[in-house]
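Presented sequentially are two complexes of subunit A, the first with subunit B as partner and the second with subunit C.
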Partner chain A sequence: MLRKLFRFKGGVEPVTHKSASAQAPIGKHPLPSQLILPLHQNVGARAIPCVRVGETVLKGQRIGAADGWISAAVHAPTSGKVLAIEDRLATHPSGLSTLSVIIEPDGLDTWIERRPLDYATLAPDEVRKALRDAGIVGLGGAVFPTHAKLSAAKSTAMEFVVINGAECEPFVTCDDLLMRERAEDIVHGASIFRDLLEPRRVLIGIEDNKPEAAVAMRRAVETLGFDFEVVVVPTRYPTGAAKQLIRVLTGKEIPSTRRSPEMGVQCFNVGTAYSTWRFVAFGEPLISRIVTLTGNVKIAGNWETLIGTPFGEFVAIGCPKPDTGGFLMGGPMMGFEIPGLSAPVVKACNCVIVAATPLFPPPRPEMPCIRCGACAHVCPHELQPFELYRFSRAKKFDKTIKLSIDECIECGCCAYVCPSRIPLVRYFRFAKSEIAARRKETEKAAATRFRIEGRKKRDERMKAEKAERLQKATAKTSGAGDADATKRALIEAAVERARLQRETQAAKNAETAGNRETALEKNPAVRPNDVAG
Partner chain B sequence: MNIIDSVLVAVAVMTLGAAFIGAVLGWASARFRVEGNPLVDKIESALPQTQCGQCGFPGCRAYAEAISSGAPINLCPPGGEAGARKLADLLGREIPVSGVVEKPPQVAEIDEASCIGCTLCIQACPVDAIVGAAKQLHTVVGSICTGCERCAASCPAECIRMRTIPETIDNWKWKPPVFEIRRFA
Partner chain C sequence: MSRDRIHTMRFISPPYLSQNKSVRSLMVKVLLALLPGVAVYACLIGPAILLQMVIASATALFAEAAMLKLRGKPLGPFLSDGSALVTSWLIALTFPPIAPWWLTVSGALIAIVIAKHLYGGLGQNPFNPAMVAFAACIVSFPALMSQWPSVTLDTRFTDQILAVLGLSRNLDALTSATPLDALKTALRISPETPIATMLSDTKIYGLAGGRAWECVAAAYFLGGLWLLRCKVIRWHAPAGFLFGVVALSAACWFFDPGRFASPLFHTFSGGVLLGAFFIVTDPVSGCASDMGKMIFGFSAGILAYTIRVFGGYPDGVAFSVLILNVCAPLIDLLTRPPVFGMKKK
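Here is the complex of A and B:
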């Protein structure tokens, strides 16, 4: 039966440039001289380092433990020695550094004891916890911890699990090759997601520019005897974005204010399904991933690369041509320039594009917005980028929120079609990060106000308690509670105290004077002129 | 009906109407009376709650009250331009031409070697961000500290420094695109 497909509004059809890297089978990237493992490779909390400098680690040993539920562990990709745990250049557009574990491989590649997960008998929550400790995160690029996505909403029955093999970004072919070569593992992984979420149907969406992958996946589903449905969807950027693929396959539209399980859908990347199965069936945590290397290189292709391989060593395998101008991570639509070749390949890294002038000419100057509306036509979320641009630029962020900037997925369609060459997404990212910072500030201000009010209340209470105590004490001394008598008694007590103090002081002074005199006898230069009395 | 009568009727109708409306308004103002000034609450929630007093008023609440009775809106350095803009939007006022003094966010830090454990800073801290006891080393809980500098002023050993919060990956923000005009001229 042919599934009725839906359409999302907008989208663009850029040249895909996929064939260059999709010719050769997946290669195995050689062991690098050093591995740099940032401890923060997932959405959520940073992992806590759990090895010491100088310690010998085995391949697959946990080196960073998940901190809380929305977090994921980090593992040693090979055996070797921990050289340092320090801040290193992060694979991040900011060019800032982040806490990383540096491992020097010993070349032996000795595995830690691998134990398949007995997931048929384990409680679902135990399976989720195991996935968290195996460091499994979404490999489509968003790196959201997978275990946290594996719970159905209480209110809604799960209808669909969508396995995302659309891979709509130009240049990127890592999912394509993975589906062609390791389809059965992906299907097995999808079956784990199915068991945990219990949907009515599992849909595997693949764009129609990857016929080999679709055939391989269909064959795998048939061989393994699952009732999953492999659906070929039209090629149109950004079909591979989770919300768009869900829309195309199921017709459901998910607003930014709701999570997809609340609408009865959950979406996983094919790479995530693959690494989930590798962990469940073979006990291998997430220590490597397939990375596409393409663009201005002599040898383009896909390599299974250890997480933590420095980009310098990674790109060397493709022999970049001499006129190389820079390196992009991710696709040309949503990716960013790698801040330096010492930064490492991380879990989020699906593709490295070696850039050169003919491929990516330098951005031409931005021209004024002519409000032609081309951006609004292609926006897959039906926003008005030209209005968002106007208000982002003017820093009127409240207005951008009213125009639903939160719905923007930064796909870059608007900037792609803009005749004035305005880097619209850059403006939206700026506005969104400002908005996020302000929300955080507002939250902190509210917490602070709560603390201040609490302190004020406490001060008042303590004052009242003190007054009460004093009153009680005076009531005790006065007995009948006669105010004058109390006062008199207090005064008398004070006078008595003062007298006592005077006496002891006088005694002490006399003693000191005596001491001084003995001191004077010994050393006549000291004059006791400062001794009173 | 002669003209005098119609004038009298008109006057009577107007008087009765005015009396009725006046009574309703008087009753409503007593019935739906709002305690305090709701505007002050709104202004206060737009202020950063550092309680630093750098505006010249003792705390954010006091400054909010002052703004509602006409004080300028650009006196809050921790709020910076963004804060002044928020106030301007809220009150429909313009940001004064003199601009806003910006101050980067900071936290207090106690030099452990010279802390004498006097507890004066603990008493000065409006948000209970300093922990410690008499004759024990004190320390600042950085995530709660608002950087108001009150503890620094209270310390007799001068061992509290204000440290600007550095830019990290977690608080990094995208910058708006800047094009060099000269390059393309």
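Here is the complex of A and C:
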């Protein structure tokens, strides 16, 4: 292509293991015996259940309503009966439980009335709201609510919308297959993002190990007559991380302190574009996704799977071999071990790798860091992981902040190359969680201090007013009151009162903001950054 | 619900893939890269070097095992990591091959016990252990550390072995000054003779950096290039070091060719090429960033030349490296590269 590509520093090139699951076309996973739908499948607030136990639901019916702006709805993936609304094992490395709606399918798969969204006539905000209520979230793995990413920054004109088809994680092929088979839907979806964000260019980035996908996407763009640019980028992990792909395609580097629209870019995964179009054109909310099943299985491939399918039933279709030892969700670089086979496929689940010892040999013993610097050379965010490691280990968290630990996207490149086999990402996660806890603590303390000071001021003011009243009373009785001066004093007192009220309100707001952030941290998405596959 | 939990504890923290590199494989490659130098050394200078390497390795491994035991660390992974062997080989290669056995043993003990384990073992030592050993021994036993076998007199292997075992009666007959030492002495004795005339004596000075020694240096150079190709080391520290030596020696040579030897002589004599590829490249005691590595190497090169030409010791590599080891953390602090998205345009 003519477009000049940029390079991000670092990155690694692990064996991709992609061919096994990329041979067969996308299959349709059969209806499971039960569906478990966690209400918290997005970054932000958990959805509020809006069905009752025992109620009959239709396919596509909303069962969890979005709670606030940074939230997304949850829908019934098939028709059936609500068996329970209770805590179930979450699809999360912690192994904790999360509030879920359990649905027993009736086998009829009856759709609710589907209405395409007339988005050409709707106000942009109405479209955003509709996307939120359709449960559309980023399907690259970060599950950030898509509608919340569809507003341009007020200060900066939108330059680029980047559609992420890089899929850099080894083993994962769901985006590859989606692009090969359903390219036109993706391009249509991208056009909706374009209409809402009005960028100068739409760039579709695909790694050069997916030539068929690139051809299909180019053809789709041509057929539909859009001026989008399909750009083939070099295969290099983590090109599929939003910031890295943006860097490669546009040359812009987005620091963690800024949001990409402020720099004129926004990035969406191809799967997100696809589900957006399915909703806009066909009225289908997000109830299924393509999931790669690969690794130690007899049949590897990609399956269009209903959200909520328990992993036990999902992996059965691939016939795991007898020497299986664990199941990973996501890729081998950033994924996690599924805590149990009763946990369900969620919106964030792009891939399940059936693990076995030959594929993932047990880690060799950890050795001391010899400061070889290999980690620093592969860090795509140009950090010094060996220094971060030293300070994380010594619990000198202030130093880790100074060394920009907030920039770490936990891509795992550092640990991948470490000759001493140090699980660096684990140390960084530890440091980050400690820092987050401390920040929350400080915020709480500040809010408390603010409240106490406010109260002190209030007390003083009341005392002063009392004294004033007393004085006035004496003045009145003496009969020598200046009417103007009294009026002025009254106005001044009122202004002061209003100011104090404002301050108290601000303190309260700060506190609620703190709480909201706590909720954000508890996102089920597992990954803090938008890494597509 | 708990019955279907399947955490295997194998997959605690991603990534679950790793490159097939380990501390051991890095160290083994360093040892392999030293082999050409060792071979040339044994052929041209004297096979006693092989005996010294055995003595140094055995002592180092024994000291390593003892210290690990005392510190309550597992022996297996640490003894087999190869780091003690690299240290001991460097000691053998920098000490005179006909030094008495107990000097080599002391060197290895100082390196492993004091310079390495008393500071916390692998990865924790602020100083290059082999250079600490060299500096300690040359300060404590200057005479013994200056007894180099003569390359002009064809010394027999048995004589060298006897010397190592401390049984040699006519040690003086075996030894002669190294080219660097010889040049220094010659310059002091006859300050009027131009240096080019002295260096034309190829019996001592060879063609570039001393008879036989220049071949050893060339072999180290080849080994170093191989390490670069294998990406065990990066080019920044060696390039900085060689540039430091060459730049300063060229400046002095240009200023007064009668008193200062050429950059070629300085590059191929003494420990410059061994130091460039095997000593200033030590990751633990060196700098981490590329810029830091370059500054570290360059400063060490400048210092090495300064000490060797203007200082009291025949060569300056060990002292310059130790001095730069002290500066490494500061250099790292000052050369930390900017992170993604925080660069100044």
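By our rule, the second predicted complex is superposed on the first by the 450 of 533 C-alpha atoms of A that agree within 3 Å, B and C clash if a C-alpha of one lies under 4 Å from a C-alpha of the other, contacts with A are read in each partner's own complex, and residues count from 1 in each chain.
We take it that contacts are C-beta pairs under 8 Å (C-beta built on N, C-alpha and C of every residue); 3 or more make two chains touch, one makes a residue touch a chain.
Computed from a prediction, not measured in an experiment: that's the story for all the values here.
> Which chain makes contact with more of the residues of subunit A, subunit B or else subunit C?
C
> If you stack the two complexes on chain A, which partner ends up touching A:His40: first (subunit B), second (subunit C), both, or neither?
first
> With both complexes overlaid on chain A, does A:Pro170 touch subunit B (first), subunit C (second), both or neither?
The answer is second: A:Pro170 touches subunit C but not subunit B.
> With both complexes superposed on chain A, which partner does A:Leu96 reach: first (subunit B), second (subunit C), both or neither?
first
> Is A:Pro365 contacted by the first partner subunit B, the second partner subunit C, both or neither?
A:Pro365 sits against subunit B and subunit C alike.
> Let me test your reading of the model: by the given contact rule, A:Ser404 touches which partner, first (subunit B), second (subunit C), both or neither?
In the superposition, A:Ser404 contacts subunit C only.
> Go through the superposed model and pick first if A:Lys395 touches only subunit B, second if only subunit C, both, or neither.
first
> Check the residue A:Ala445 against both partner chains and state whether it touches subunit B (first), subunit C (second), both, or neither.
First partner only, subunit B.
> Counting only touches as set out at the top, which of subunit B and subunit C does A:Pro423 meet: first, second, both, neither?
Touch partners of A:Pro423: subunit B and subunit C.
> Output the subunit A positions appearing in both contact lists, the one against subunit B and the one against subunit C.
Residues 97, 364-365, 423, 426, 429, which sit in both footprints.
> Spell out the part of subunit A that touches subunit C in their complex, as residue ranges.
Residue positions touching the partner: 8-9, 12, 14-15, 88-89, 95, 97, 170, 243, 247, 253-256, 258, 312, 325-328, 332-342, 355, 360, 362-365, 367-374, 376, 380-384, 386-387, 403-404, 407, 410, 412, 415-421, 423, 425-426, 429.
> List the residues on subunit B that touch subunit A in their complex, please.
44-45, 47-51, 59-60, 82, 85, 89, 126-128, 144, 146, 167-169, 171-177, 179, 181, 184
> Help me check something: in the complex, which residues belonging to subunit A touch subunit B?
Answer in residue numbers: 40, 90, 92-94, 96-98, 364-366, 392-393, 395, 398, 423, 426-427, 429-430, 432-434, 437-438, 441-442, 444-449, 451-452, 454-455.
> Taking the touch rule as given, give the residues of subunit C at its contact with subunit A in the complex, in rising order.
1, 4-8, 10-19, 21-23, 25-26, 74, 77-78, 81, 83, 121-124, 234, 283-284, 286, 288-289, 336-343
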